[in-house]
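Next up, some structures in structure tokens.
In what comes next, chain A is part of two complexes: it sits with chain B in the first one and with chain C in the second one.
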Partner chain A sequence: MSDDPVRRQGPPEERRRQRFISKSSAVSLKYLRRVEELPHMPEALTPFLHILGHVFVEQGGAVKPEHIPTVGTYCVMVPPELIYAAGAMPVKLCGGSYTAFNIGDDVAPRDACPLVKAVMGFETVGAAPVYRECAMIAVPVTCDCKKKLAGYLGERRPTVALHVPSGRDRDEDMERFVEELYAFGAKLTELTGAPLSYERLSWACGLTAAAQYELSRFITLRRKAPLVIKGTHYMAAMNAMSYTHISLWTRHMRALCDELEQRIRNGEMASKENRPRILVTGSPIVFPNFKLPLLIEEMGGALVADETCMGERGAYDPPAIVDQSTDGILRALANRSTRPCTCPTFVDNKRRLYRIRQMIEDYRVEGVIYHVLRGCLVYDYEYRAMEEELGKLGVPIIRVESDYNEEDVEQLRIRIEAFVELIKYGKR
Partner chain B sequence: MKVYAGLDGGSTYLKAALIDEYGRVLRTGVTSTGIDNNASAKRLLAGLMEACGVSRVDYTMATGYSRKILEVADDDVSEITAHAYGVRVTAPKEYRSGMIVDIGGQDSKIIYLDANYTVKNFTMNDKCAAGTGKFMEVIAQILETTIDQVGPLSLESTAPCDINSTCVVFAQSEVISLVARKFDRRDILSGMHLSMAKRIIKMMKKSEKDGDVLMTGGGALNIGLRKAFEDELMRDVFVANYPQFNGAIGAALLASERG
Partner chain C sequence: MQKKTKRTVLFVLFTVVLFTVVLCAAAYFAADLPFFQYDDPLARASLTVAEDGEDLSFTYENDAITLHGASGAAVYALTTGGTAAIGEAYTASLPADFLGSFAAVSTATEDTDGDGTAERVTRVAKTDMEFTQGYTAAANAFLSGEIPFEVVYTDRKTFTLYLDAQPLAGADVTVTPADGTERTVITDENGSVEGIDLNDVRGGLRFTWRSGEGDVYTIHYQVEADTVFTVRWLSAMLPFGVIVLIAVICIAVDVWLRKRLYQKADMPAGKTGVTAKDLRKKRRYFGFETVRWVVMIVSFALLVFGSRLTGTVFANVQLPIFACPYNLDQLTGAGCYLLSHPDVLFASSWREILGFFGTFAVCAVLFGRVLCGFVCPMGLLQDVAHEARQALHIEGIALNERLYAVLRMVKWVMMILFLGIGFVGGSFCDFCPAMALSPAFGGFKLSLGLGGFVTVAVLVSGFFKRRCFCNICPMGFVLGLPHKLSLFKLKKDAVACTECGACYEACPMEIKSVFTVQEGKGDVRAIDVTTTDCILCGECVRRCPENNALAMTFCGKKIYTADRMKFMRDYAPPRPKKKKENDNE
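And then the complex of A and B:
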């Protein structure tokens, strides 16, 4: 081993960083290949995979025009419009890296969720430019882990903790969130020097509206033909959104939708008609932690939809601006980022059940896989209610608990295989 | 006569069953899994065929850990589906379809069935063998007895010991210290069954009241474990006929739908 180049270069910290980089690149490359090897990949998916490869394999920064600073965000409650309006770009930093998770495991308590552990791991090692290059980080205080994460990051770099209300039905809660957004806006202006004027905000709303338009096209296409694209493939496209300037992503998404439309016209499907149609809900699935979607499709299921914050939940309607003013836009953004959100961090979250019911109908779902990242308590809490609701509809559901490592792949495999069979044999 | 075979390549034993087109069990057989799954499977199957006097099998279905590598099989199916099918044949007449508790060598699972024996849901142990046959084997060895004796012995217990460790390895040292303190091994065995039952019951939905509980898998052969389940669950527990072969029989039944 003495001729290992890493061994002889630089101080121990630097060597650890090098090892971290080569290890996490290797894992990401493996998963990227597995995504690529799945049959029926649309050609227009390639740019999305390039983005994931650029960030996680080549260890490049966010994909964007050079001069724009990036602001790290988490969850779906930080309105990207504010950041674009300030002349910066949001990068969603929710981590899915097994390598970073292992390091974060030392920093966070045992029962913290792996997603937050991964983020802490990235921060500790100081590798991954997409993390390092952020000029500021905005952490919405959603669950307990995110709250402590905000504190942890705050000790190391410019961080804004965005206090998300836990309820949405009282005016004073929403009023407070609007104030939070104003304060966040002021921090952004401090960073870039650009004031959040009405013109800039409405231009930024236009940017996201264009992305949402393509996204709604994408969703409509998939509802019409749930099997037109493999679930793992659309998840890769959705994941890529986190690291790309929204105009670029919109362009790639437009091309993907065009190709899918063509496929539907030609009657080409990405999966056989009789495969059990499965929806995934629960904790987010962040690249490279793609073992669940890959297993579903490898075991003969068709992953037709997801109700997670890395997928369709990012696709809420554009903000409804009723009052054409700066304040009007901020209020619309505050509303859009919380009211329709189905994150279990809110006290009352009945709308998640309604949404799942709607999605089951829209995508003709035959079974639901409830993904729980170990330590993600809020999602685990809602399993019961979901199971009861789906029981009424006669739709089978299975709870699958997982972590950021590959040690449980075989245990997951047998569960998913049996679940796919359960649907198949139940149909007869 | 048509003949169908089911193979269940478990972690500890390889089981096989032959059934006819009416779903009647013709013969069952078991062998240690060994290192060459394929050769063991072929030998086992050939032996069963000879004993039944049949020269060909119409369709063979595999299940269990090694199901993907058993070349003699025409197709394979997961253990969950196989066990759910198996009970159609193996459940005693008075059993009303509800819950199956399968205790295998290295995993245990709970399967929930609707009234038509269709799988509604299931749970399995993960990353831990404390509620499985392996656990029983380890403890039997310490107590200088055999796996088939632990059940009858435990029934003679008058004051079951407490075994609280949830890990096979820790439980092992707990048992060793009980032995050192001169506890009666019948009481230790009885305590072991209660501790296993508790652990498996933790995976169960207590709210599930429809139907009965049926034990399958090698663990169901243990009368002491069955009694512990009845004590802990506070309800009757049924034991499948041919419990150890339930997976293989289920696979054979699925084979009969194909061939």
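And then the complex of A and C:
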């Protein structure tokens, strides 16, 4: 189970690898098809699906200009601006592969979350070029699983562990995280040779902010009722961001926004007026683990919003660069990466409740599905508080626990169908 | 329990004694610490006596004073020893014991009104050099037998007339400004005349009074001529220039030292960048920020030069800001002077006391610390310094809670100095950084004491930390105290807020509660987050990326609201295509 090239070339290992690749490609292709088959797909979504296909079906690397090194990241706490400024490109490696999960299951303890198991599976098999080509991996120490993952990856790859504060109100914690970013920046400079100057940082912030501008436009369009784009399509677009150079993604997103604007003008909506409007929050939904959004939309619900880190939250918060200097930008990045983050790994959870409340209002949500990946404790902890808060608002919520396999699909289907019916019935 | 009370009493006593000692020491030293001293105006000034047949009057040509129409006139100067007759002209400089006031008296018997009988005509000319040269609360007065008819410019609104050193009460006096228009005024029981425009005073005034016996008394009064935008104005700016120069040197040294320090400590990348060019194209939008800058610049110009437009109409208003009232050409007075000089405040008339407190109350309720953010000249100075740093991309000093606690201590010290030093015989003006700003721009030659050093500190600290002085400003703190009554408020929607801390980063006053507050009185969607420190500069709203999360309200109406698309518009893609389409249409 190691990276040793001599052993990997051995026939059983190689066979296993080939089996792994063909199996995971097949699963990815199946889900990609299902996403494509959903009605009302905007034409401008095709490039995003191509990206996902390139990475997961054709087993290609990240979509980027040549000779730019990639830096693998986990969680939203790693500021992509820093990596772009150093002349590299970030790739979000949070895995959603069922095949890799099965392999990771042997490596990680039973109660570890499937996301980490999938990552460990990829690492063990040594497949998927997106993972292989990373020159460096940055792991923010958010939850226990990520902590151990950092250690596991550290033995095999050049890995940087970013220590994320567990509270966000104290200035000292914030300053420590700024120091972490400086240290991370120094590591990046070692990798690429490009110093983190103000010019480069400012340029990189401009790159990502342009993407966030398009995303903000997109969010404004999404808030329109009824829905302009299916939630699953949206999730695919957001997932594609993780494997694309940001300037390419911005271009695709702009085209998508333009098309959606045109559709609104023509009155072509992606769902009917009376579809139950559903918000998904909780553990990340990573391609190809798209069973939940697909089920919601196939069961007649309208997935209007999501509050997950591979979805809207992944790039939602823009850095507010107040001080136009190197230090000012790094402070802004540190602030942006931790303070507004609704990840339940932090001590307090009030702002997460407020965030959901705001989203319920913005998107006129009628029901919330709380997605919990088995073993994702921090999200599970927060369910109770969320249930109480939503109870006060009179918005129904269900907790959906799932794993990275297709065994629970039918069970999920029944629960989601019932939930959709519940909202429909409540409306009448 | 008793022991504890005893200890508390002792502690309070000790603190009070310590404060008193510190205050006395500060008052003693601050007055004697020179930063920039102008030489005595008398050493530069000269006096020429010209017998040129013009009306008896003084004129100024820079430092040279000329007495016109001096034939047969007796010339007097006010000296430390009283009124002294002077015979000759002083071509190089004036003796050191002179006080800067001159008078010339000539008497004649003429027929001035053309009725055939000749009256005794007494012509007097008087001048005060001090008016733009230094500051005295009231102008000099001779009040001696040699000058039979005299006017004294008591303050910026009142003239008092004296006949043979006695107030001339209830007399009809004709006032003729330089433009020749005549006006008749009646003096009150103190011999005072009010309502004469400051702008007329600058040009020179002639007062004429006919006594019941038919005697005619005229006096020509001239203050030192207007010096704004002349070479002399530039020389008045000299101390300010010196301050800026020292501040620039301090900043350069500081940047260099920090760079060395970071290199030595082997700090990670980034912290050494001194200056840099921003490659991204800057876009400028008209917004709240623009309004704030325009208001700041206009109010600065008005405060310094405003009286040239309106005279002394607004002189009774005592704006609670740091626009130094030592500059006599101000549009309004500054409340700081009376607040820090209780002796002067309680010695003045009840009308003035009422006016002072009235203005203060109105300002506090109507505007509150909006005055700090929009009007105060010290604020403008610091904002300019901050913008300079932004343009050079030099790293600033980000204050955290611990450093800010230190700054808060300094604020209390300033507070004690501000309110207390008047009681031990000192003057806060010796410390005040505002003394170097408005008077210099007004062309007012003011020697600086400790205040000059404080101004350098204000500039340097304001460069590295935005509006650093505002954090320790005692005047602003007093103004902010009644913020609960103020009509301007900062409201937060705690639900929309993602608590990203951008407002905290942007806030020049380091108000953390804006982003941490999650619940308040009443609606969580409109929590009042205004604090005593808040200067309502709108920076937090500008940097807020969430729709409606922060808003500035006036009388409960939103006047400036956070908006995500506005926040992001700096990064909007250029769209030349659309424009072309529009052109074709």
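Annotations
The rule is simple: the second predicted complex is superposed on the first by the 414 of 428 C-alpha atoms of A that agree within 3 Å, B and C clash if a C-alpha of one lies under 4 Å from a C-alpha of the other, contacts with A are read in each partner's own complex, and residues count from 1 in each chain.
Note that in this section a residue touches a chain if its C-beta (ideal position, glycine included) is under 8 Å from a C-beta of that chain, and two chains touch if they have at least 3 such contacts.
On a predicted model such as this, the values are computed, not experimentally measured, just so you know.
Upon superposition of the two complexes on chain A, no clash is found between chain B and chain C, which fit side by side.
Remark: in the superposition on chain A the angle formed at chain A by the CA centres of chain B and chain C amounts to 120 degrees, rounded in steps of 10. Once the two complexes are overlaid on the shared chain, A:358 sits against chain C while remaining clear of chain B.
When the two structures are aligned on the shared chain, A:244 is found in touch with neither chain B nor chain C. In the superposition on chain A, contact is made by A:397 with chain B only, not with chain C. Once the two complexes are overlaid on the shared chain, A:232 sits clear of chain B and of chain C alike.
Touch criterion met: A:411 reaches chain B, while chain C stays clear of it. When the two complexes are overlaid on their common chain A, residue A:349 makes contact with neither chain B nor chain C. Chain A is touched at more residues by one of its partners, and among chain B and chain C that partner is C. Taken over all C-alpha pairs, chain B and chain C come no nearer than 25 Å in the superposed arrangement.
Across the complex, chain A meets chain C through its residues 168-172, 174-175, 182-183, 185-186, 189, 195-199, 201-203, 206, 209-210, 212-213, 216-217, 220, 250, 254, 317-318, 320, 322-328, 330-332, 335-336, 339-340, 342, 350-351, 354-355, 357-358, 361. By the touch criterion given at the top, residues 267-271, 273, 276-280, 389-390, 393-396, 398, 400-402, 494-502, 505-506, 515-516, 518, 524, 539, 543-545, 564-565, 567-573 of chain C touch chain A in their complex. Interface residues of chain B facing chain A in the complex, by the touch rule stated above, are 77-81, 118-122, 124, 126-127. By the touch criterion given at the top, residues 396-398, 401, 407-408, 411, 414-415, 417-418, 421-422, 425-426 of chain A touch chain B in their complex.
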